[in-house]
Structure formats: C-alpha cells, structure tokens
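Shared between the two complexes below is chain A, which has chain B as its partner in the first and chain C in the second.
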Partner chain A sequence: MERVQLNARQLLVLAILFEHGSAMVIPLGIDARQDVWIAILCSMIFGAGLFFIYYRLFTYYPSLPLTSYSQQIVGTFFGKTIALLYILYFLYIAARVLRDFGELLLTFAYPETPLFILNAVMMMTVMYAAHKGIEVLARTGELFFFSLCLTGIVGLALVIIAGLIDVHRLQPILEEGWKRVFKVVFTQTLYVPFGEMIVFAMLFPYIDQPKKTKIVGWLAMFLSGINLASMMAINIAVLGSETVSRSTFPLLNTIREIRVANFLERLDVLFMIALVIGGFFKISIFFYAGVIGTADLFRVKEHQRLVYPLGISVLLLSIAIASNFSEHIKEGLNIVTLYMHIPLQVGIPLLLLLFAIIRHRSSFLFRKQEKK
Partner chain B sequence: MLIHVILLSGCWSKKELTELAFVIGVGVDKKGGKYMITLQVVNPGNVAGATQKGGGSSGLPVTLYTSTGNTLVEASRKVSEKISRLTYYAHTNLIVIGEELAREGIKEVFDAIERNPQFRTTASVIIARQCTAKELLSVLTPIDKIPTNQMIKTLELTEKVWGENLNVHAGEVIEILSLGGKEVVMSSFRIAGNKMIGEQQNNLQSIEPYTFLHAGELAVFQKGKLISWMSGEQARGVLWLLNKIHQTAVTIDWQRTKEAISYKVVRSKTKVTAKINNGKPIISVMISMEGDIGEVLVPMDLTDPNNISLLEKKLQQEIQKEVQNTILYAQSKKSDIFGFGEVVHRLYPNEWKQLKKNWNDQYFSRLQVKVNVHAFIRRTGLRNKPYF
Partner chain C sequence: MWFQETSKRKQIGVFDNMLNETVENELQQNIDMIRTITGNSTDIVIREFLLGQEQEIPAGIFFVGGMTDEEMIQKLLVQSATQLTIPSSYSREDVLAYICKKIATAGKVKRIKKWHELFLALMSGEAILLIDGVAEALSMEARGGEYRAIEEPSTQLSIRGSREGFTESLATNIAMVRRRIQNPYLWLESIKIGEVTHTNVSIMYIKGIASDEVVEEVRNRLQRICMDGILESGYIEQLIEDKTFTTFPTIYHTERPDSVAANLLEGRIAIFMEGTPFVLIVPALFIQFFQAVEDYYARFDIATALRFLRVLVFFISLIAPSAYIAMTTFHQEMIPTQLVIAVAAQRESVPFPAFVEAMMMEVTFEILREAGVRLPRAVGQAVSIVGALVIGQAAVEAGFVSSAMVIVVSITAIASFATPSFAIAISARLIRFLLMILAALFGFYGILIGIILMTLHLCSLRSFGVPYMAPMAPFISTNVGDTFVRFPMWALKERPHLINQTNVVRQGSNQRPKPTNELEKEGDNH
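Then we have the complex of A and B:
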C-alpha cells in the first residue's frame, strides 16, 4: 500500500475520466438502435446499485483494498484465490482497453504503423504513471479533465451550430419495446462502463474523506451516464442509427460531419484528444489496480518493482489476445461479459457482501453476549 | 526517458507535401464490367500562380488521371502507374457518377468511400448527365479555375437562390440507401457545348467559354438505380418537400395576364406528418413561407392589403399545384424520394412493419397526400405601385 491520500474531487475526476474512457468512442450498446440513450440511462441506475455493493463492502473494511478484505471475509485460501482472480481480471481488461486504443488509432490515423509500436508507446506512459503512483495520476486527471471538458463543449457547440442535429432520427422511440433496451442493459452497457467501477474498490482506502465516497461515486456515475447517453443520442441524431451501428467509431464520424462557415471542418483532432486522454486513464487505473493488488497479495513492499514486469506482460497480452479487430470485439461482447464481467462485477461482490454482513452480525451478537 | 525521446520524435509514415497528389474530384464510370475511375488532381503551382499573374496562367490548374479495376480500391491503386505522387483523398469534395453506372446501380460505389478514413463523407455527389464522369471532369472552367470547385460552388449557390438542384453529401446518400422508406434523389451536371474543346486551354480564351458545365435535372433513383429525371418546377417541388428551399422565385397570374407577378421567397419551412386511417397511411405536408414582391408586369395597387391577401391566396394555389404535380410524378415512378415512408416509420413503428414490404409499389404509389401552403407577402420592395 502506498501512503497517499486522494481527496473527493480527485476521486470524482478520476471516476468520470474512467467511465468515459473507451465508452465514449465505441458504438456503446448500439444493439438498442435509436433507444440506446434510454439503455445507457437505465444501466446508470442499475450501475449505481452495483456501486452501492462495492461501497458497503468498503464501509466494513475502510482501510483495506478488495484483495485484502476478501481474505478477511472468506478465509485466507478462498480470499487469496478471489484476489488473484481480480488481479488477473484487472490486468486483462487493461490489456483489452490498450488493444482497443491501439486498434482505433491504427484504423483511422496511423494505418501503416505496427500495432505493437503504438501500444508500446501508450503502455510506457501508463507504466510511468503507475510508477509515480496514484496521487500523480489523480493530479494529472484534474489537469486533463478540463481539456476534455473543453473539447466536449467545443465539439457540442460546433455540432449544434453546423445544424447537424435532426431529432427525428431518434424516432420512433422504443420501436421494439422495452425488451430490446433491457437486453442491451443486462448484456452490455451495465458492465461496460458502469460495472467496471469495481476497480475503484482497490482505490477506496486512499480516500481521505471516506464518508463522501458514496456521494462522489454516484455523482461520477450520474454525470458520466448522462453525458454518455446524450453523446450517443447526438451521434444518432446526426448520423442515423443505421450508420452508427455500422461505424467502428461513431463519434469520429459525427465530428467529421462538422462544417461551419467553410473553414471549421475536419476536426478529427478533437476526437484524437478525447480518445488518447480517455484511453490513458482507463488503462492506467486498471493497470494500477492490478499492480497494487499484486503487491498486496504477495506482500511486495514497493509496488514500483512490479510495474515493469507486469507492464510488459500487459503489452504482450494486448497483442496476443486476438488476431483481428472483429475477433477482439466479439470476444469482448460475448465471452468477457459472460465469464468475467458478470461473475466478477456482480456475483463475487454480492457473495462477499453477504458473508460480510453475516460475519459482522454474528460478531456483533457475540460481543453483545460477552458484555452481558 | 531516452527511449521516449527516440520513439516520440520520429514520424512513422511521414509524407511531405511534395510527395502527395491532392485529389479534388473523383469520377466513377463502368466500362466493360469494370470500374473506371477518373481523378482530378490539383496542380498546386498553377493554381497559386494563376491568381498572382492575373489570369493568363502558363499551365492548367488540374490534371486528369484514369484507371480501371474490378473494384474502386484496385483502380485507385493502379493509378500509381501513371502518377508520380501518392494520391491523397482527404480533400476530395466531389464524387461524379456516370449516367450509365447510375442506371446499373450505385449501391456498391459508396462502400470504399465510407470505409476509407481519408475520404470525407461530406463530399458532394452528382450524376454526369448524358456523358461519362470522365468527360464531365475534363472540362476547364473560368472564374473558379478548379472545375470541381466550380461545380460544387455552382451547386450550392443554385440550391440556395433558385432551388431546382440539390446538393447531396455522400453520407446522406449512404444513409438513404440503408433506409427502407426513402429513395435517393440528387443533382446532375451536363456539358453544354463541344466536349473536345472543353478539355483545352483555349476553351477559356473566349469571353463566353465554348464549353461549360451546367447544373441539370434531378436524378430520381429507385432501390439505388437511376430511373428517371425531374426538372423545372417538378424539381423545385422535390426541394420543397424535402425542406431544402432557402430562396426561390415564383411567378403567378394576375387577373387575365399569365405569369404577371414575381414573388421572391426569403425563407420557407416544410413539415411532413403522417396519420393512419383504417390501415392506410395519409401524409399531410405543411409548407409555410415568407417573401417579398420582386417584379410586377401589370398595373396594380400594392398598397391595398386586399390585393396582397388575394395574391397570397393565388400563391398558395400555385405552389400547392406545383408540389402536388411533383408528388404525382414520383408516385407514377414508384419512388418515394420524399421520405414519406420514413415519416410513417417514425410515427407508427408497429404499422410500418406491415407497410414496408411493399411500400413503393403498393402504398406510396396510391398514397393520399394533403398539401397545405401558407405563403406570406411581407414587403413589396422599394416601390409600391409600378410606374405604368
């Protein structure tokens, strides 16, 4: 464990950047077609429920990360197994996001550059950040948060000024009824990006005002949810749900449609900024959680010593996990959701909470009896 | 740190400006079952030189390259056999499709354009009327030296002030092709004059160019295939129904004189809604516009508000007739270029599932469309009564 402290504002900024991360650039939950914004808002509400589970666990063990309190709740053996699973999960997701990031850059900006080089450059920055620790990352976040906000506001203003938005494209609302929306909620958007907040269970012990954690977490999810939903709604209002569902990066296409006064056009760079900032924070947070988890589990005193071996593993993993982009996306939607997101974001935390409640109840009763 | 310095300072696939050929317009034709593409490449030295020397430039502003291939990508790569620089498509503003290819179908043409990150889907699309795309791109133009820019600017201007032509972006075409309840309609350009002279510099040596480019009829598509043309008032009706009219001029009769008064539209707005009655869709169109009197050819008193309201009524009838003619023509061709199907889809998603199978043939061609026009005459210009 590092001896650093994060304040509530830093946590908020980190969580918002994390939620936006890659969700902003991919066609998030587009299977719900023009109702995708409803799906994202629904997932936000259910996601807040998931976050409450993580928060409750944290209130029982306010000074420990997920990898430690799992051992306290279900015993050393099972606890360590769970901790190991989580570490692998965090590192694997870090590799996945890194791959996403590399593929996106490669497809539209650097078609001739090898994937490995792009990923390696990004991973080096991430490793550097992880080496410096969470406090540095959080302060960087505060800085970049404003540039991302500014980019977002400029982009939105230009889309509106260029007169690209046609609200009719969002109609008919609920064409296939609620079934399609909830299918998307429970198979996709709930887990990415909202359920991924589980990674913050590793960062909670660093917060200097534990009482504010719940409010800050919910606020971050609320703001990101609304922003992501309106972003997808704008994408559809500009491009139409048919085009959005066929695009690899709808946000890029929306930005490319902008033409204001014959000279404000081709603003792809706005998209690049958003992509790089979002990608960096998402990978960094997952990677950092993986690193301190490992340090905690194997009792390594200085987590810095783990940064390089784990970083290189993540880099190699990001190249090895899929042979092409379609395979990568398909794995993400089918396999990762079913076998990783659902058990690790919902199943295990719920079980842990259950055991924790029982344990505390019984020890509470036990103490009461002792007093008598 | 050292590794960073080495990695971050280099450029992986850098291309200097002098290594690139900027493609400003692309023409697509079909020849013997293969695609033939024509690239209009900017000749940077001559474009800049022309403005400084004031007219009499030494070389041509653009150069044309053609190549054939089974796919567009293949053809565009094969151009490298003829050109010394790498073709660069980020500044391509115009896509010309030959009439023959348009009749065969344009559905497949746009995939390469949409997929390539260099290409912008904001490029305009036009059809080459009565000629191939190559012939259209090989005419030199005055004023705007680059023919592609000349065409785009002409198209944008005429859409704005006259309203019989439609500037359609590639992105819009792709969107319409993927929808079930709308058909593609776009403008065409044709060559007026001798094609051979148009290719040469001395085309511009005459005060009236021997050969020039001319925005032409609207091309009407059905399922991605060119089936018909619309021109004049019919074409303007299409723009009215698509809510694309900015300004235009309408002439109306007054008492016994035909075509006596000119009305200048300043702004106009069209709303289309749908209703379903006994399983049959009914479309209602609401057009409202504002404008001034531009010209009066008969003696009349425009200070009298009664005359103005009479004129407004005439105007409404005139436009209603124009728009209804357009609808009837499109219905006879069974092509829903106005997107009425999409309006029904948006408002009645459940009923649309039944309707969409035979929309063009069964429903659109017999669709009941109510057209309401509200025209307002706000001002009469600098004079009230004419001098005669």
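Then we have the complex of A and C:
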C-alpha cells in the first residue's frame, strides 16, 4: 500500500473514467437492440446493489484493501487463495482490455502496425502511471476528465447540429418485452462495466473521507450509467439498431456521420481521444489494483518493483489470450462472464460479506458477554 | 585548492591557519598581513593617516576601490583626521569605542576581531579602520560603486504597469519590493552562499501569509548548498529544485518587482541574489508560467481571453509539427479533401518523408534562433534575413520542403514566442521533438500517448511540496478563478492554497462594485 490519500472528488473522477473506459466505444449490450439504453439503466441499478456489497465489506475494514480483508474474514489460507484469485483476475482483465484496445486501434486506424507494438506503447504508458502511483493517476484523471467532458459536449453538439438524430429509430420500445432486456442485463452489461467496480475495493482505503465512499460510488455509477445509456441511445438514433449491432465501434460510425458546414467532417480524432484516454484509465486502474494486490499479498514494500515484471506479463498475456479478435470477443462474452465475472463480482463478495457479518455479530456478542 | 578534501569544509584557501587568528596590535603588522593575503592587489586601497587632534594615533583605512562609496570615505577621513578630538586620558581601547560612537558618517559600524571576518567585510565593500595598538578593527558600511541604473525589464515587458526592472544590486532590488509592500511583516533573511564567492543571498516573505514550513524548507535547502561559487540565480535554482530530471521549471523567476510583490502577497517566497536581476520565486505552479503581470492590470474579460490564447499557443507550439506529420503520414482521411489535394500536390516534389522534412525545418529554425540570440545586434539582422530568404523562399523553390511545412514551422515559432514565460516555452521546444518522433511512429495515437505521458509527469511534479498542477489537479475550487480564466478582481477572494496556509482570505466580503445608492442601502441595514 502506498501512503497517499485521495479525496472524494478524485475517486469520483477515477470511477467515472473507469466506467466509461472501453464501454463507450464498444457496442455495449447491443443484443437488446433498440432497448439497449433500458438495459444499461437497469444494470446500473443492479450494479448499485453490487456496489453496496463492496461498500459494506469496506465499512467493516476501512483501512484494508480486498486482498487483506479476505484473509481476515475467511482465515489466512482461504483468504490468500481468494486474494490471489482476485489479483489474477485484475491482471487478466487488464490484459483483456489492453487486447480490446489494441484490436480497436488496429482495425480503426493502423491496419499495418503489429498489434504487439500498439499494445506495448500503451502498456508502457500504463506502467509509467502505475510506477508513479495512484495519486498521480488520480490527478491526471482530473485533468483528462475535463478534456473528455469537453470532447463529449463538442461531439454531442455536432451530432445535434448536423441533425442526425432520428428518435423513431429507438422505437418500438420493449419490442420483445422485458425478457430480452433482462437477459442482456444479467449476461452482459451488469458485469461490464458496472460489476467491474469491484476493483475499487482495492482503492477504497486511500480515500480520505471514508463516509463519502458510498455516495461517490453511487454517483459515479449513476452518472456513467446515464451517460453510457444516452450514448448508446444516440448511436441507435443516428445509425439504427441494425447498423449498430453489426458495427464494431458504433461511436466511431456515429462520429463519421457528422458533416457540418462542409468543413467539420471526419472527426475521427474525437473518437481516438475517447478511445485512448478511456482505455488508458481502465487498463491503469486494473493494472494498478493487480500490482498493489500483489505487493500486499506477498509483502513487497515498494510496489514500484512489481510494475515492470507484471507489466511485461500483462503485455504478453494480452497477445497470448486469443489467436484472433473473434475468438477474443467470444471468450469475453461467454467464458469470462460465466467463470470470472459472476463468481468474482457477485459470488465471492456476497460470501465474504456473509462471513464478515457473522464474524462481526459473534465478536460483538462475545464482547458483550465479556462486559457482563 | 578549495574542496580538495571533500570531507572538510574549508573557509579560505592557503592562509587558513592565519585567518583564524585575531588581528594584531601593531598597525604595520596588520598592513603587511592584508598585503600578503590579498597578494598586493592594486585595487585594495590602504590609506594611513593620523587619527584625532589632541592625541594623534596612527591609523589605517582599507577598502576595495570601485566597490565602495569613495565620497563617503573621503568624508570619513576628513572627519576622523581633522574634526575628531580625542581626550588624552583615553587609552587606545577606549579610543576605538569612542570612535565607534562618534563617527556619524557611516551607517553601520561593527567591531571585528578575527581576520576572516575582517576580510569578509573588506571584500563585500565595507571600509575597515585599524588603529595602532588595538587588536581590533572597525568595519564601516560604505558600499557603493557603479551599478546599472534601473531600467525597463528586458524579458517581461508589459504595456501597462510599472517600468521598473531589477538590477544587479541586491540592496536596490530589495528596496524596490519594500517600496511596494510597506509593511513591517515583510521579512528578509540573508545568508552568504559560495565558499569562494561569498555571494549575498536573501529570502523575502511576508510573515503571517507565507507558510512557515515552506520558509523553513527554503532556508534548509539554501543552507545545504556547499559550492565554490554561485554566479546567477540559475545556480541556486538548479541546486534547490525538487526534481532535476524534468524539462519543466519548478521555480519561477522574474525581473519585475511588481511580480515579486504580487507573489509575496500570495504567500510565496522570493530569493534574491547579488549580481543578477532575476529573482527566484517558490513554490511555483505550472499555471504561473502562463500568467503575466498584465493579466491583473487589464480587465478580467480581456485577461481571460488572453489566458485562453496562451494555453492554446502552448499547445500549438507543442503539437503543430507533430500533428502535421501525423496527418500527412497516417490520417490523410481527416484532412478536408481540397486541402489534402493541395498538400499532396506540394509534397509531390519533396524528396523526404514528412518526418524528415519537419525535423529538418525545426532544427534549422532552432539553429537560426540560437544564432539570433547570441550574435551582436548588427549581425543578428543579417541572420534573420538569411533565415527568411533561405527557409521562406529558397528551400521551397528548391523543392526541399513543402510550403505547408514552412507555414507549420512559422506558426510553431510564433506560438513559442507568444508563451509568456521563456522557461516553459523552452521545455515545450524539447517536448515538441519527442512528440514529433512519436507522431512519426504512431500518428495521432503517438501524440495522445505523448500527451498522457507528459500529463502523468506533470502531475507527479511538486514544487516545494505543492503539487505542480494545482489548482487543476488536485482541483481546488476556490483557486480555479485564477488559472485558465481570470475571474473579476472581487471574485478572487482567496490566495492560492499552498502548503499549510492558514491565512488565505485576501479581500473584504463585498468588493464587488455597485451603484452608490445600493451601497448606502446595505450600510443602512448594518
């Protein structure tokens, strides 16, 4: 653990950037077709529930990260196993997002550049950030948050001015009823990006006003949920659900539609800014959580020492996890959700919370008896 | 001969042992000693005379020619030789004490016993009076000599505002600031730095506004300096800055007394040094390098517009050439069709890739600029003519570079000149080349990565404990009014939050100008 403190605003900004990360560029939950925005809003509400589990665990152990309190709750052996699982999970997801990012960049702008090089450049930046620590990352987040907001506002204004939005494309609402929406919620959008807030269980101990943690987390989820939902809704309103579902990057297609005054056109650079900044923060936070988790579990005093070996592992892993993009996407949607997201974002935290409650109840009773 | 034995700090070189001893009784011996130590240097003036009227005592006055106020020494001599009456009952020791009280011409008189103190005083421009038969000397403040007159600052010009700039004289510089802040809590501390040069360095701050912790830190860092000599405030800057391996300046320097006064009022600390018109100011924040004194003299809307312009200008000077490289090599589709055809047509005849072209032009420009800075003014014009002709016309006509590239280089150059602080403009110059390499390798992705790396680096910097990017990151809402924007004067209620400052409010609660009848109404309510 580093000896730094983040204030509530910094945590909020980090969480918002993290939630947007890759979610804003990919066709998030497009299986729900034109109802995707409902799906995102629903997952936001359920996601807030998941966040409450992480928050309750944090209130029992306000000065410890996930990898430490798991040991306190279920004992050293099981606790360490859980901690190790989480570290691997964080690093693996970092590698996955890195792969996503590299593939996106490759197909969108750099068809001739090797994937490894694109990933390596990004990973280098992430490693530098992790080396500098969470405080620097949070401050950088504050600066980029403004630029990203500005980019978003400019983009939205241009889409509206260009008269691209056709609300009829969002109809019919709930064409196939709630079933399709909830299927998407519980198989996709709940876990990415909302359930991924589990990574902040590693960052909570840094916050300087622990009381604000809950409100900060919820606010971040609320704002990101609304924003992601409206972004997807705009994508569909501009392109139609058919095109969006076949597109790799609906946001890019939307931006490419913009043509204002015969001059402002092909604003791909806006998409690139969103992609690179969002990708950077998402990978950095996962990677940083993995690094400090490892430092915490194996009692390494300076987390900086772990940055380079782990960083290179993540880079190699990002290349090795899949032989092509379709395999990567398939794994992400089917295997990772079932075997990683559900147990690690929902199952284990719930169990941990249950044990923690029992433990605290019994020790509470025990103390009461002692007093008598 | 200094610092040969690194473990031991030596005061003065060869005659070390002698210097620790006290001044002799006999005048002649003392004169010989001074002659030996100074190697008979011809600018050390030694004037022997008979002191007093009733009792005539052999005495000598010593000073360094050119560093002292000769007129004052003349008066001193006249006074002590002709007007001073010393009662015959006085012993020699009493005489010294008597003179100490009696001589009115000198402002500051000090009694000295040790040789090294004597030489320190002598060399800093004081006049030394030695009397035969007394193992003690009197040093009298007589600093003077020729200095450059106060002129308009040459680096930080302003249309509106004071025309005074600092000079090389420490005392004059300090007085200029004192005249602006007439307050007893404007405190000044002096130390001498430099084992050989004994340079006077002063730190100035307003007690009660500046944080004591930061003052203590500055004091410690200055005292830690152990070097043969410091000749410019740049030496101090490099020895006390928080981080060496960065292109960004973490200490501000200025030539303007009004700028120093404003910074002192914000709770910062100024470091003055003898022999340079540049005064250091710590802690320095990134945004300070985009602020000019005139921002506060002009009205807020204009100042805000100028601030925006400067930030824009900084970004242009950073990324203009790299954006050109990225667009022409990787992202042709981003350029509007007609423009891309025009650029492609120009680049048709250019034998180099865009990166080489840009690099060539940028390096040429840097050479021209360096030549322009160092050359005598008469030759400098020739350089600019050659530059304009060679770069502007001949290179394009010869098909070495495209005219679009010339435009990009010129825009970059002008943008870099428009950055108000040279210190930040020069770091943008360095980073520009890195970004050009990144752009040549990865296009806009490379530029974005470069900017993320730069921002991470900027956010990791601190200046005397204060985060460099404050008040943007960490975000301090009460201070944002004076960053990329400048709020109206009355809205800037608080000073910048530096480390552990308690005294942050700097103006009354209703400074907003209102029509007089409204003010009266408020008065009635109270």
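Annotations
Basically, the second predicted complex is superposed on the first by the 372 of 372 C-alpha atoms of A that agree within 3 Å, B and C clash if a C-alpha of one lies under 4 Å from a C-alpha of the other, contacts with A are read in each partner's own complex, and residues count from 1 in each chain.
Quick note on the criterion: contacts are C-beta pairs under 8 Å (C-beta built on N, C-alpha and C of every residue); 3 or more make two chains touch, one makes a residue touch a chain.
Since we're looking at a predicted model, the values are computed, not measured.
When the two structures are aligned on the shared chain, A:265 is found in touch with chain B and with chain C.
In the superposed pair of complexes, A:253 makes contact with chain B only, with no contact to chain C.
In the superposition on chain A, A:121 makes contact with both chain B and chain C. Once the two complexes are laid over each other on the shared chain, residue contacts for A:172 go to chain B alone; chain C is not touched. Contacts of A:76 after superposition on the shared chain: neither chain B nor chain C is touched. In the superposition on chain A, A:107 makes contact with chain B only, not with chain C. Of the two partner chains placed by the overlay, neither chain B nor chain C lies in contact with A:59.
When both complexes are aligned on chain A by C-alpha atoms, chain A residues 109-110, 113, 121, 265-266 touch chain B in the first and chain C in the second. Those residues of chain C whose C-beta lies close enough to touch chain A in the complex are 330-331, 333-334, 336, 442-446, 448-449, 452-453, 455-456, 459-460, 467, 469, 472-475.
Taken together, the chain A residues at the contact with chain B in this complex read 107-113, 117, 120-121, 124, 168, 171-172, 175, 239-240, 242-243, 246, 253, 256-257, 259, 265-266.
Partner chain C is touched in their complex by these residues of chain A: 7, 9-10, 105, 109-110, 113, 118, 121-122, 125, 128-129, 132, 136-144, 146, 263, 265-269, 272-273, 276-277, 280. Here chain B touches chain A in the complex through residues 3-4, 7-8, 12-13, 90, 117, 120-122, 171, 174-175, 178-179, 345-349, going by the rule given at the top.
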